[in-house]
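Let me begin by handing over the structure; questions about it come next.
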Amino acid sequence: MTKQISIQDILLNQIQIPVELFLAYKDLGLNEKEVMLLLQIQRFLQDRVDFPTPDQLAAYVTMDEKECAHLLRALIQKDMLAIKQQEREGEKLSEAYCLTPLWNKLFSSDIQQQEASTDGTIF
Amino acid sequence: MTKQISIQDILLNQIQIPVELFLAYKDLGLNEKEVMLLLQIQRFLQDRVDFPTPDQLAAYVTMDEKECAHLLRALIQKDMLAIKQQEREGEKLSEAYCLTPLWNKLFSSDIQQQEASTDGTIF
Amino acid sequence: MTKQISIQDILLNQIQIPVELFLAYKDLGLNEKEVMLLLQIQRFLQDRVDFPTPDQLAAYVTMDEKECAHLLRALIQKDMLAIKQQEREGEKLSEAYCLTPLWNKLFSSDIQQQEASTDGTIF
Amino acid sequence: MTKQISIQDILLNQIQIPVELFLAYKDLGLNEKEVMLLLQIQRFLQDRVDFPTPDQLAAYVTMDEKECAHLLRALIQKDMLAIKQQEREGEKLSEAYCLTPLWNKLFSSDIQQQEASTDGTIF
């Protein structure tokens, strides 16, 4: 009667979220409902559902379809979320959510290499 | 002027969250504020801060200290969060948050090995 | 000319491996080739390729197909890897690799709940 | 007698590795011993041991201290690994391993934002 879970199931079914999001969402002007909606979108993306509808999202959050649609619009207007056109092989153009604006805000737009002063002579 | 980020920084600063939490928190009767509070606790635990205060938590969520304390109590009463006594070497007993009740609810209390019918003769 | 990578690409394309594997594989009697073969299998499983052939594996390791097949057999005989029969909906029975024997060896077969002495009266 | 493990222990004790490493290390000219040595370094870094000695590394791989030192030198010469000077607050300059050269080779040195053609008018 109980659902059984293996270590393997746990390992293969996780979402990775930058610590930075937890540290800074408040400063970015986001609230918990908005963050969870973004994380639900990330989960759908990981599962290769690129453009979940407000209705699909509403099944997993404590908001109805209308509130989800409203928040999605607001997140796009605040430039935390984007919609991009994408082409999958053999298919016509489709839309996909893209969290790149959020990550860029969190990490700055200049992702750069760390300077590494190599010194290979110590051994 | 921009904060620089390396791939290494991204890799080493993430939180892993079971997909199951995103699929089922609504059914468990949790809302977004409660889930984010639990995830913030998980972040503190990962950073080896075992017992963040309501005040420490309030710095990262859109709730004040009082609302955090209220929600923490509620989460413990709903058996989503626990406080355990722990001993670190050379130190006296201290308290630590423990998300085990939440994971047990998500995964059932019977974590078990997958059955594996081994067949080593195919090659 | 350069391949561009986004933070999103990095976040969505990772493998999670228990630290315990890195700490204990030597004590389990595994060498680096065997561990990497197991991790390559984990990667295929995450990508929903449940039963990569020695030939498919050989494309990503410094071993030829024959050596891969030999090591796979050895891993099964050492009970680090298993093959299970699985049924996907609407499909006939197929085989799948299963790393459960490895995780069980690393974590013991009794995965259990942490004891949590709840004390909800502190705030 | 058995070691008990909780879901929480599993969640908090993992290493995240880009899938790209598993796909491309062979093409980069690395073998399994070298990759595992790099991953062991990553594990030490995650545990805030910034400059593990060949002796410390040898405890976890099927190589002795001398072979580890030799491989580390080779990895630095191949520009897969670097040593950087770092300053921790209140401490004098110390050395730390840095996997940035490896990630740069895997992902190219131009990490860039994905283009996102925002369209906020669909709901």
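By letter and in written order, the chains are A, B, C and D; residue numbering begins at 1 in each of them.
As a working rule, contacts are C-beta pairs under 8 Å (C-beta built on N, C-alpha and C of every residue); 3 or more make two chains touch, one makes a residue touch a chain.
Since the structure is predicted, the reported quantities are computational estimates derived from the model, not experimental observations.
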item: Number of steps on the shortest touching-chain route linking chain C and chain D; value: 1
item: Pair joined by the larger number of C-beta contacts - A-C, A-D; value: A-D
item: Centre-to-centre distance between chain B and chain A (centres being mean Cα positions), rounded to whole Å; value: 19
item: Computed distance of Cα centres, chain D from chain A, in Å; value: 24
item: Residues of chain A whose C-beta touches two or more other chains; value: 6-8, 10-11, 14, 16-18, 46, 98, 100, 104, 107, 109, 111-114
item: Chain contact topology (line, ring, star, complete or other); value: complete
item: For the chain B and chain C complex, residues of the former touching the latter; value: 7, 10-11, 14, 16, 54, 69, 72-73, 76-77, 79, 82-85, 95, 98, 100-101, 104, 109, 111-120, 122-123
item: Chain B partner contacts - residues on chain D that touch it in the complex; value: 6-8, 11-12, 14, 16-18, 42, 45-46, 98-100, 103-104, 107, 111
item: Residue numbers on chain B that touch chain A, as the complex places them; value: 2-6, 8-10, 13-20, 22-23, 25-26, 31-33, 35-36, 39-40, 43, 46, 59-62, 107-114
